[in-house]
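Everything on this sheet refers to the single structure shown next.
The chains carry the letters A, B, C and D, assigned in the order they are written, with residues numbered from 1 in each.
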Amino acid sequence: MSTDADLLDLAAGLFLLAAVAILWRRDVVAQTKWLIVQGAALTGIAVVLGADERHPELYAVAAGIGLLRAVVLPALVRRAIEARSEDRETAPLINIGASLLAAAALVLLAYAVTQPLVRLEATAAARALPVGFAVVLIGLLVLVTRRKALSQIVGFLLLDNGITAVAFLAAAGVPILVELGVSFDLLLAVLVLRVLTARLRAAFGSVDLDEMRELHD
Amino acid sequence: MGTAVLSLLGKIASIGRVAEPAPTPPEPAPADLARRAKALRGSAQVRCVDAGSCNGCEIEIGQAFGPVYDVERYGARIVASPRHADVLLVTGPVTRNMAEPLRRTYQAAAEPRVVIAVGDCAVDCGQFAGGYGVEGAVADVVPVDLAVPGCPPTPDQIVAALRRVTGR
Amino acid sequence: MLAISLVQAFLVLFGAPLLVGWMRQLRSRLEGRVGAGMLQPWRDLVKLLRKAPQQPEGTGPAFRIAPLLGVACGGVAAAAIPLLSTRTGLGAGADLIAVVALLTLATAALALAGLDTGTAFGGMGASREMTITALAEPAVLTAVFALATRVGSTNLPAIVAATLNHGARLASPATLLAAVALGVVVLAETGRLPVDNPATHLELTMMHEAMVLEYSGPDLALIELGAAMRLTVLLGLWSALFAPWGIATGTSVAALAIALAALVAKTALLGALIAVGEVFMAKLRLFRVPELLAGSFLLAVLAVTASFFLA
Amino acid sequence: MNLVGTGLTVAAAAAGAATLCALLVPVRVRALVSGVLSALIGVAGVVAGGAALSGETFARPLPNLLPLAGISIGVDALSGVFLAIAGAVTTVASVYGIGYAAGTGRGRTAQALWPLFAFSLLLVPAAASVSTLLVTWELMAIGSLVLVLCGDPTDGRVREAGVWYAVMTHLGLVVILTGLVWLSAAAHAQTFAGLRAASGGLSPAVRGGVFVLLLVGFGSKAGMAPLHAWLPRAHPEAPSPVSALMSAAMVNLGIYGLVRFGLDLLHGGSRWWWIATLVLGALSAVYGIVQAAVANDLKRLLAYSTVENLGLILVGVGACGVFADSGQPALAALALVAALLHTATHAAFKSLLFLGAGSVVHATGIRDLDELGGLRTRMPVTAGLFTLGALGAAALPGGAGFPSEWLLLQSLIHGLAVPGIVVVVVLPVAVGAIALSAGLAVATFVKALGTGFLAKPRSPAAAQAHEAPASMRAGMWLAAAACAGLAVLPGAAGPALARAAAAGLRGSGTPVSGGVLHQLTALGSTLSPLLLVAVVAAALLLLRAVLMLASGPGRRRAVVPLWDCGAPPLTARMGYTATSFAEPLQRVFDDVLAPESDLDVTPHAESAYLVERVAFSRAVPDRIEHRLYEPVLHSMRRAGQAARVLADGSVHRYLGYGFGGVLVILLILVAAQ
């Protein structure tokens, strides 16, 4: 097995580990730290792929991703957190232990589902595909089971990291434009969410989605 | 993690050692105690018993075990159960309610064991001599080996007493 | 080679208190203290061995056997694990699952001793300790599973030898995840922070300490020796599985000498890591610990799956 | 007429004799005579099973014994395993039963039925045709049912347990009956040989359908969740020897049915069968042990631990099926051997534990661990032997359960060589489940031992306990010997079990040849429990000797009062009970167990702020029972109410129903032509 493949595996493993850690930790600040780690891992994946498949333009994409995922977005989330220090604890709907077990099941599911794709080509990238898919599922899990809007943003970022990783590993590097487009609307989404949460907080003082139900009636 | 850890590490590095240099070792213990002290071989597990003190002595004992006086460097260590203990640090005049518990604590410690009466109250009931709730001084209840006078005694007196037991 | 096993056992027997002393010394230096010196645990042990043996009323064989069993199991585990060389004496007995089971046996015996006293604290400690042990088991065996599948055996020398021959495997995600999972379990099984506070004096927060409150004199010495050996054995096991550098595959004296140096260095380093880490850590609430263990179980499952879809 | 046949004949003779003696012999010696004869049944069973395991086979049709189908007996190595286990447990329990019956004056019915029940346990694995199997199965069910009811007729719980058991075991019988009738109708054969030959040609749909029915039927007998509800009710209420016989021998026959039909006669079938078995087994293992961990009735705890262990065995059987299906004969054999070995070890330590619990009940009349404690001083032998059994149940080194669970894990670990996503997904989960159940088993049996036999007695009855009489102790010693043997020398059973596995996999197109057996030993022989135990024991003795020398002569332990924090007295009420011991676990598994706790605070008459009395109660009901069974029972009750409208007691109306029914059938016949 070539060293490139090893490096890719390492980066993928770190990528998955970061997702798990985000699910594990209660503190949103800690979660953003792991987001940075995950962004770095994603960049690593891009770089290794670039070196692997002789796509110099992938380096540019990698640089862009590194900047966006490992620096800009976590920084934005941190800003949002510092804006409201009181709800840093994520209040999960199902307890952490259960959601961790659920994550284990999701990873197994992701592995099972992506087998056909992996069988198509026996490259290291293809074999790492389930990781990306698993991260997508875990992101959805976070999105579903966390109450505070902040940790939902984190889940959203997790989800997007997963999608990007899948895109890379499956298509061996998406065109820059697609990637940039994805990232920008993501940026927009985060900004919107931030504004929204700020507004909500101004209006209701809290960003607990359960309490938002009262808006219905 | 992260910044907090770094700042704490920085503090540790900048402050460094806070323990004061070791004072000259005290004169060796009296003969009968010296025999037991030798059996303890430079290690003394300590159990504190508050037999009714005003907690002044407890504060000083806390200081003695703190980083500055650091009696642990001489092999003394506080333990959670008299079964583990070699040394009983008894403070305060023994009140009627604490007399029996003190006796039982003494019984529970395995031989060889050493009792140190800390503070004037422990030595001779101090302020509280003849109080209606006072059974007597520690020596009236259990055999005392060392007495640390003072109200409250200073930490280095307590450290000196413990050093006579550990012999270090 | 039976000789190697014996050497390992006695190495752990005499080295374990030094490891504990080293960790305490490091910790007190970080707290700005002078520290009692690395030899202090040995001083404590010698003193305790000389003290008058006691038998609390109403305690029976369980109470008397548990301390002996703790040391014995620690010694046998030390003899089985390839600490110095993969050619240990108990070739067939040197099974990863068996070693884990041995250490569990010692824990169970101590818990029974705690219950045997019939005091509230003994029962409390036993109940908590067994809860943690029970919940740690899945993480352990699943991680073992991840490590064993690639070798096709749970025989420790086989696993270590295989890792020594393919160093690249160490860098694979499966191994890393398994390493983290087992690391968490080691902390839980040895009663270190954040699971248990080895330096606590408050009964209500105790786990391991609460079980042994009734012990005194020589028995207590054995208990503390057993705990230290358990820590050493688990650290040695961890390093043998995930950092096997230096472990001899033969029995030549030179190789063994190198292995000895490497073992000391690795164990001291791991101990230092734990000691330093504990300066920054607080104890978890008892009912947050299951989350920690569930997390390490998840990592172990990831390790298993990763060993299939990666590397 | 070889050794197997002789053994079975002797067993039959002994069974008849024992029954007659139980009915005729005067009460003074009744227990002794019938007990000895029943033990003889067991010995004969062991001989027959051993002979079968050593390679003998035996087949004999007895056409006149039963109209139409007739009875046909056939024994091979696979049957041999279960014959031997059932025989051994019978022997042990019968010897134990002598003193037990003499003590509690167990009724004449019970003593007359005991031999028949024991004999039926030998007949089921010896059956060689569908009809024989069904007859013997029903014999076994009836026998055990009546024996359960012999527990204590005045006790309401006994009656309730009897009802549950009767209903569930007969529903199970009906399902098995349907499955087998369907099978033999489709295969046009009812002897096992005929089925083995014909069932290859059946359509997958039929075989799948039959297997599902058999899985449900045999699974419910094997206490497979969620069909286990009868087990933790019936086993605790039965007299302890009966509990032992049921828990250690009868439930195994559910496993036998699955292996015999699924693997042998249905040729292994398709992969999803065994995945389902494996998953259900893992589920039962975890659910059973979680319930056992929080149970505080000693015998209920043991019953739930039976659910756990049978779950582990099912995992082994399922894994075996999966491996066989993917053409891995060596692995399949290994998994099946692990399952059979665990069946044997479980039988050994579970009979020992149930007999120990019986002695406790015999001595104190208490089953509630919260009220026991401190039995070690008054009944040392029972306590010591119970420890051995608990060691086995906790699967710790030196215990009987350790080698078998180790072997099971080995088979799963090697199983990842098998291709297929599902396998890769299922096996880690299975290992996790096994590990969790192993860990919880340790906690459970530390609880049972520590709060039941150690500490201080928490009730007068426990304080005045007395050691069991000689015959009961003898029974326990026998079981303990079996435990010890299986704990240190499981390898001795290796070849026999391999032969049994070969017989079990005969039909499933995975020939277990000598080469495979060699592989098998290569896979299985990497652990030597004997070495492990010996080394630990040696280390213990060495340490002890060193300490003796170090401490010097004449240093005796000074007996000192317990450390009561200086404030006497230290009473038993301050110690930890089983409930408080299990409290952390119960909180961890709150979502699974859903305990029902009830706090009732009575304020003082004068002021609402002064509390006069606080009553707290907590029960941990079987949740599956609550969520699954009660709705069904409820709807059935409502259906019954509705049906009562139709039946108002007028004879004419009933005749009308009958007439209408006849007409309908006739119309159908006409339409069919």
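Criterion: contacts are C-beta pairs under 8 Å (C-beta built on N, C-alpha and C of every residue); 3 or more make two chains touch, one makes a residue touch a chain.
Here the structure is a predicted model, which is why all the values come from computation and not from measurement.
Student: Which chains are joined by the largest number of contacting C-beta pairs?
Tutor: C-D
Student: Which chain is in the middle, if each chain's centre is the mean of its C-alpha atoms?
Tutor: Looking at where each chain's C-alpha mean falls, the closest to the middle is C.
Student: Farthest chain from subunit D, going by mean C-alpha coordinates, please.
Tutor: B
Student: I'd like to verify one number: the distance from the centre of subunit A to the centre of subunit D, where each centre is the average of its C-alpha atoms, in whole angstrom.
Tutor: About 48 Å, centre to centre.
Student: Roughly how far is subunit C from subunit D, centre to centre by C-alpha average, rounded to an integer in Å?
Tutor: Going by mean C-alpha positions, subunit C sits 35 Å from subunit D.
Student: At what distance in angstrom does the C-alpha mean of subunit B lie from that of subunit A?
Tutor: Computed value for the inter-centroid distance: 56 Å.
Student: So which stretches of subunit D touch two or more other chains?
Tutor: 424, 428-429, 560-561, 563-564 - these are the residues of subunit D that touch more than one other chain.
Student: Where does subunit C touch two or more other chains at once, residue-wise?
Tutor: In subunit C, residues 52-54, 213-214, 290, 297, 301, 305, 308 touch at least two other chains, as defined above.
Student: Where does subunit A touch two or more other chains at once, residue-wise?
Tutor: Expected reply: 95, 108, 111.
Student: Touching residues of subunit A toward subunit D in the complex: what are they?
Tutor: Residues of subunit A touching subunit D: 95, 98, 108-109, 111-112, 115.
Student: Provide the residue numbers of subunit D that touch subunit C in the complex, in ascending order.
Tutor: Subunit D reaches subunit C through residues 293, 373-374, 376-377, 394-398, 402, 406, 409-410, 412-414, 416-417, 424, 428-429, 431-432, 434-436, 438-440, 442-443, 446-447, 449-451, 454-456, 525-528, 531-532, 535-536, 539-540, 543-544, 547, 550-551, 555-564, 570, 572, 574-576, 580-585, 587-588.
Student: Would you pull the subunit C residues touching subunit B in the complex into a rising list?
Tutor: Its residues touching subunit B are 28-37, 40, 43-44, 46-47, 50-54, 200-203, 206, 209, 213-217, 220, 279-280.
Student: State the interface residues of subunit C toward subunit A in the complex, per the touch definition above.
Tutor: Interface residues on the subunit C side: 168, 171-174, 176-177, 180, 290-291, 294-295, 297-299, 301-302, 305-306, 308-311.
Student: For a test of understanding, state which residues of subunit D touch subunit B in their complex under the given definition.
Tutor: On the subunit D side, the touching residues are 560-561, 563-568.
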